[in-house]
Amino acid sequence: MSADADERTEASDAALVDEARRWWHTDIIDVAPGAISLRGYPIEELIGRVGFVDTIWLMLRGELPSRAEADLLEAAMVASVDHGPQAPSIAIARMATTCGSPVNGAMASAINVLDDIHGGPGQQCMELYLEIDAELGAGEDVESVTRAVLERRRAAGMTYVPGFGHRFHPLDPRTPRLLSIVDRAADDGTIDGRFARIGRAVEDAISAGRTRRIPMNVDGVTAVIYCELGFTPELGRGVFILARSVGILAHAVEQMEQGGRIKGPVPKSIGYTYTGPARRSVPQERGK
Amino acid sequence: MSADADERTEASDAALVDEARRWWHTDIIDVAPGAISLRGYPIEELIGRVGFVDTIWLMLRGELPSRAEADLLEAAMVASVDHGPQAPSIAIARMATTCGSPVNGAMASAINVLDDIHGGPGQQCMELYLEIDAELGAGEDVESVTRAVLERRRAAGMTYVPGFGHRFHPLDPRTPRLLSIVDRAADDGTIDGRFARIGRAVEDAISAGRTRRIPMNVDGVTAVIYCELGFTPELGRGVFILARSVGILAHAVEQMEQGGRIKGPVPKSIGYTYTGPARRSVPQERGK
Amino acid sequence: MSADADERTEASDAALVDEARRWWHTDIIDVAPGAISLRGYPIEELIGRVGFVDTIWLMLRGELPSRAEADLLEAAMVASVDHGPQAPSIAIARMATTCGSPVNGAMASAINVLDDIHGGPGQQCMELYLEIDAELGAGEDVESVTRAVLERRRAAGMTYVPGFGHRFHPLDPRTPRLLSIVDRAADDGTIDGRFARIGRAVEDAISAGRTRRIPMNVDGVTAVIYCELGFTPELGRGVFILARSVGILAHAVEQMEQGGRIKGPVPKSIGYTYTGPARRSVPQERGK
Amino acid sequence: MSADADERTEASDAALVDEARRWWHTDIIDVAPGAISLRGYPIEELIGRVGFVDTIWLMLRGELPSRAEADLLEAAMVASVDHGPQAPSIAIARMATTCGSPVNGAMASAINVLDDIHGGPGQQCMELYLEIDAELGAGEDVESVTRAVLERRRAAGMTYVPGFGHRFHPLDPRTPRLLSIVDRAADDGTIDGRFARIGRAVEDAISAGRTRRIPMNVDGVTAVIYCELGFTPELGRGVFILARSVGILAHAVEQMEQGGRIKGPVPKSIGYTYTGPARRSVPQERGK
C-alpha cells in the first residue's frame, strides 16, 4: 500500500494522527505511565479492597455492584465452573494438553466451542425471558403471557425450550439451591423477582399435562439471575464462559499431571468405525 | 478400523469396557444423575457459601483455602484483569467481534495468544524464584544466592529477567500496593514471606550500579504471591489467564456495542507498507 | 461417575463395546495397521499421482474431480490466499507470533475470526444464488427471478448483498479474471454456467439506476464457482478458509522473522483514546 | 491514554504518520485500489496459470518453484491430510461442530492443538536432520556423524527420535511411497538427496542391534522432503498444518451432516471414572 507522499500536507498529517488515535477507543481502562484506572477507579484503590467478582461486574457494567448483587452473581458463577470430562469443552482441554498445548492453548481450544449449542442455551433462555418480560404490561398475568410467547415460538419452529430439562439430571442439583438464593434476594429487595416468576411460569407451561415435569436446569436458573441483575444475554454467555474457564483450566492441568501423548477420544482398543466405500484403486489413466 | 469381531470374547468385552471407562478419569468432579460434587463437596453446599475465588482455589488445588489465602489470591487476580487495547490479546478480542465472532470465539482467539511472551513472564518469574528458593540452604543469605543464580542464568544466555521492568510504566502502580498486601500477610502469618524477600533480592541485584532501578512489575509481584501460596508456575499462568479473561470479555462486548465491520489494526488511511519485490510478470512458459 | 458394576452382564458389555466402537464413525478414512485409505483409495496410490487440490475435493466430496473441475477449484483457491495485514485475520496472525505463539497457535487465532462477517460473505452469497436457482422454473428468466428474490430479501431486512461491492477496490482485480475462466469452463462443458448467469443478474439488479455499478467481488465470483462445482455453502466457507490459511501462515512466519515482542495494533506513540469516566475514588465504606 | 496535544508539532505529526505506516510492513502482498500482487506478481496473472501448491510455495518462500519442486511438495502434502478420528485434532473438530461451532471455529480449535507433540515431530525431525547436515564436513561419512549426533542428543536427555516409529503402523504405508518419489527426484537432479541419506542413516542407527527396525514414519519422510526443498523447520510445521487442515475440515463437515449435540468423547453409557475424595461436607464455620 504505497503512501502517496507528495500529496500529504501537514494539516492532513495531524488529521491522520487524530484518526489513528481514535481508531481504538474505550470507556474501560485508562493507562498512562505509572497510572492505570478501571472505569475511572485507580487500580491501586481496587486491589485488596474490591473483590474479583465485583471487578468482573465493574469491568462489564461500568459501575461497582452492591454487596448483595455481587453475592448473587457469585453464586451463579460458582454453580457453573464444571460439568466433567463428558462435556466436549472439558474433553478438548484435556486432549489439547496431550498434544503439547500450554494452558493458554488448551483453554482457547476449549472455550472456543462454548458456542450456540454448548454455551448458548443460557443466553437463549435470557432472550426468551426478556421477550416475555417485554410483553408483560400492567395488569397482565405472567402465566398467560408466557404461554402466548411459547406458542408463538413453537409456531415459528422452536422445538425445545433452552434452559429446561437435562439429558443427564432428572433434577439439576444446582437449580433448587440457586432458586432459594434468588427468592431470598427478592425478599430482601436486592432484586425485583419478576424473572424468577417468569422462569417458573415457563417451567409450568412446558410441564403442563406431562407425567414428569421438565424442570429448570442450571442454564435456566442462571438466566433468571443474570436477567434480574440487568446483564444482557451476550454478557450472560460471557459470564458463563468466565466461570466454565475455571473447570477447563483445572482439567487441563490435571491432564498434564496425568501425562499421555496425543490422547484420542477413546482407547485405541475401541477405535472408530469406518463406514465408507470399500478399498478401490485410483483409475490408471489419472494424472495430475 | 474394522473390529475383529470373531476373536472377541465376553471376557475381553468386559476388559474393554473397563479400559474405556478409565480412559478419562479425574479427581475434580463427580457427576451422577441428580448429583454433582467438586473435590468431594456437593455443589449445592458450595453455591452461596463459598466464594468464586475460593472455588477457583478448590478446583485447582484440591482443598478450600483459608479466608486470608483467598484474599491474597483475589488481590493478585484483581490486579491482572486488563492492560488496555494496546495489549495484543485485547486488540484481538476487539477485532474478532468485528469479524462476526461471538464472545466465545473472540475470547478464544485472544486467550490463545497469552503464550510464552505475552502470558509467560509471570510463569517464568515463578520458575526463577523457585530456583533461587531451592538453593537457599540453612544459613545462606538470599542476596548472595540470588546473585549467584542470576549470574549462572546470564552465563547460560538469559538476556532479561522476567517480572522486572516495564516498557510503559517507570513504576508499575500495581506493584507497591500488592507488595504492601504481601507484607501484611507475612506479618499475620498467612504466608511465610520468603518469596517476597527473594523478589526484592532480585530487584536489588539487577538494579545494582544503575542510576534507575529496574523495579518489580505486576508479573514479578504476582509471581511472589503465587509462589507464597504454593501454586505451580503452570497454574500461575492459568490464574493470570482467568483474570485477564475478564478484560478480554469486557473489551469484546464494548467493541460489539461500538460496531465496526472487519476492523483492521490501523485505519485504512494509514494502511501498511509494502516492502517486497516490484511488480513483475509470471514467466510466459510457466504452466501448472 | 460410578459404574454400576454389579448389574453389568457380559451381554451388556458386548453391547457397550459395540456402541463405543460406533460412537465415532466416518466415510472418510480407514486406518488399519500398515494401511490407510481415503474414501477407499489406498494412500500410497494417491501420493504422487493425485494433486493436492484433487485430494481436497476427494476428502470433501467423496469422489475425485475431473481435471477440468480441479482446475476451476484451484483458480478460486489461488485467488483467495491473502488480502494483506489490514485484514484482521492476517493482523491477528502477526500479532500472535509476537506474543510467543507457534505457527499452529497463530493460525488458530486467525482462522477463528473468519466468522460470519470476515469469512461468511462467500457462503451467504452462495445461499443467495442457490435460493435464486431453486426458484428458476422452466421458462422463467433469470433477471426477473433475481429481482424478485432480492426484493423479498430487502423486505425481510437485508441491507447489503454479500459478494458485491468492495470497500477498497472499485473493481476487484480477481473478478474479471475468474469470470473469464468460468465462462471458458461453461463453453467447454465442464460446468453448466447458470450460476454465472445468476451472479451477473444480481450485479445488474443491484446496479440498476446507479451511476457506478456495484461489481461482483472475489466472494461473489468464487461463490459462482463453488455453486457451479456443487459445493454446499458450508463447504464454500471451508474451502475459502483453506485458501486464506496460506496467507495467514505466510504472514505469521514473516512476522517471526521480523521479530517484535507483544506488538500492539498501532505504535505506542499513537496509542488509543480513553473515553470513560474521569478518575474517581473507590467509596470509603466499600469492603469486599 | 491522553494525547499530549499541546506539545504536538506538525513535524512530529508527519513522523508519527510515517511510523504508523511502517508499523505493519510486508514483502508478501501489495494491495492498492484495483490492484493486488503477491510477491510482485499481479494476482490476475497467477489465477488460472499457477497452481495452488505453487502459490503456497510462492507465498512462503518468495519465488515460484520449478514444476518438479512443486510436485515433490505436493506429494508430501497429499500424504498428510488425515489420520482419522483417533487423532485429537480430528476428534476436536468433530466435537466442536456438535457444540454449534461453524467451520472456522471447529478448524481453529483443532489446528490449535497441532502443537509440539501432535504437530511438532516433523519440525523436530527437520531440526535433527539439519543438525546432522551442519556437521557433515568434506570427507566425513553420514553414518558416523549421525551416530555421533544421536549419542550427543541422548546424553542430553533425548528419549525418542522424532520422525521414527509409529504407535499404530508397524510400517507407515506413506513412507516407502514417498521415499521412492524422493529417490526419483534425486536421480533427476531436482534435489540433492543428502537429507534422504541422513534420514536413512538415522533409521539405521536407531535400529542397529534390534530385532525389529524402527522405521521412518510420515513425519520423518516429509521432513526429508521439506529439508531437501529448503524449507525451515517452522515452515515445515506450517505446511503440515495446511495439509492436515483438509482432513480437519472434511471431518467437521461430515459431523455436521451426522448431527449430534454436545457430543462427548465417549458414549454417556461409558462415561468416565471419578477418582477423587469421597463426598464430604463444607465445614459449617466457613463463610465467604
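Note that the chains are named A, B, C and D in the order they appear, and that numbering of residues resets to 1 at the start of each chain.
Here is the rule we use: a contact is a pair of C-beta atoms (placed from the backbone, for glycine too) under 8 Å apart; a residue touches a chain by one contact, two chains touch by 3 or more.
Worth saying up front: this structure is predicted, and the values here are computed from it rather than measured.
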item: Chain pair with the higher count of C-beta pairs in contact (B-D, C-D); value: C-D
item: Distance between the centres, which are taken as Cα means, of subunit D and subunit B, whole angstrom; value: 26
item: Distance from subunit C to subunit B - Cα centre to Cα centre, in angstrom; value: 32
item: Intercentroid distance (Cα basis), subunit D paired with subunit C, Å; value: 21
item: Multi-chain contact sites of subunit A, meaning residues that touch two or more partners; value: 1-3, 16-17, 20-21, 23-31, 42, 46, 50-51, 71, 74, 84-86, 91, 102, 105, 108-109, 112-116, 119, 168, 265-266, 270-274, 288
item: Category of the chain touch graph - line, ring, star, complete, other; value: complete
item: Contacting residues of subunit C [partner subunit A, same complex]; value: 1, 17, 20-31, 37, 39-42, 45-46, 49-51, 54, 62, 64, 84, 86, 105, 108-109, 112, 265-266, 270-283, 286-288
item: Subunit D contact footprint on subunit A (complex, rising order); value: 1-3, 8, 10, 13-14, 16-17, 20-21, 30-32, 71, 74, 84-89, 91-92, 95-96, 98-102, 105, 108-110, 112-120, 167-168, 261-266, 268, 271-272, 288
item: Subunit C-facing residues of subunit D, complex; value: 1-3, 16, 19-20, 23-31, 33-36, 38, 42-44, 46-48, 50-53, 55-56, 59-60, 71, 74-75, 77-79, 81-86, 91, 94, 102-105, 107-109, 111-116, 119, 168-174, 176-178, 181, 232, 234-235, 237-238, 241-243, 245-247, 249-254, 256, 258, 266-267, 269-274
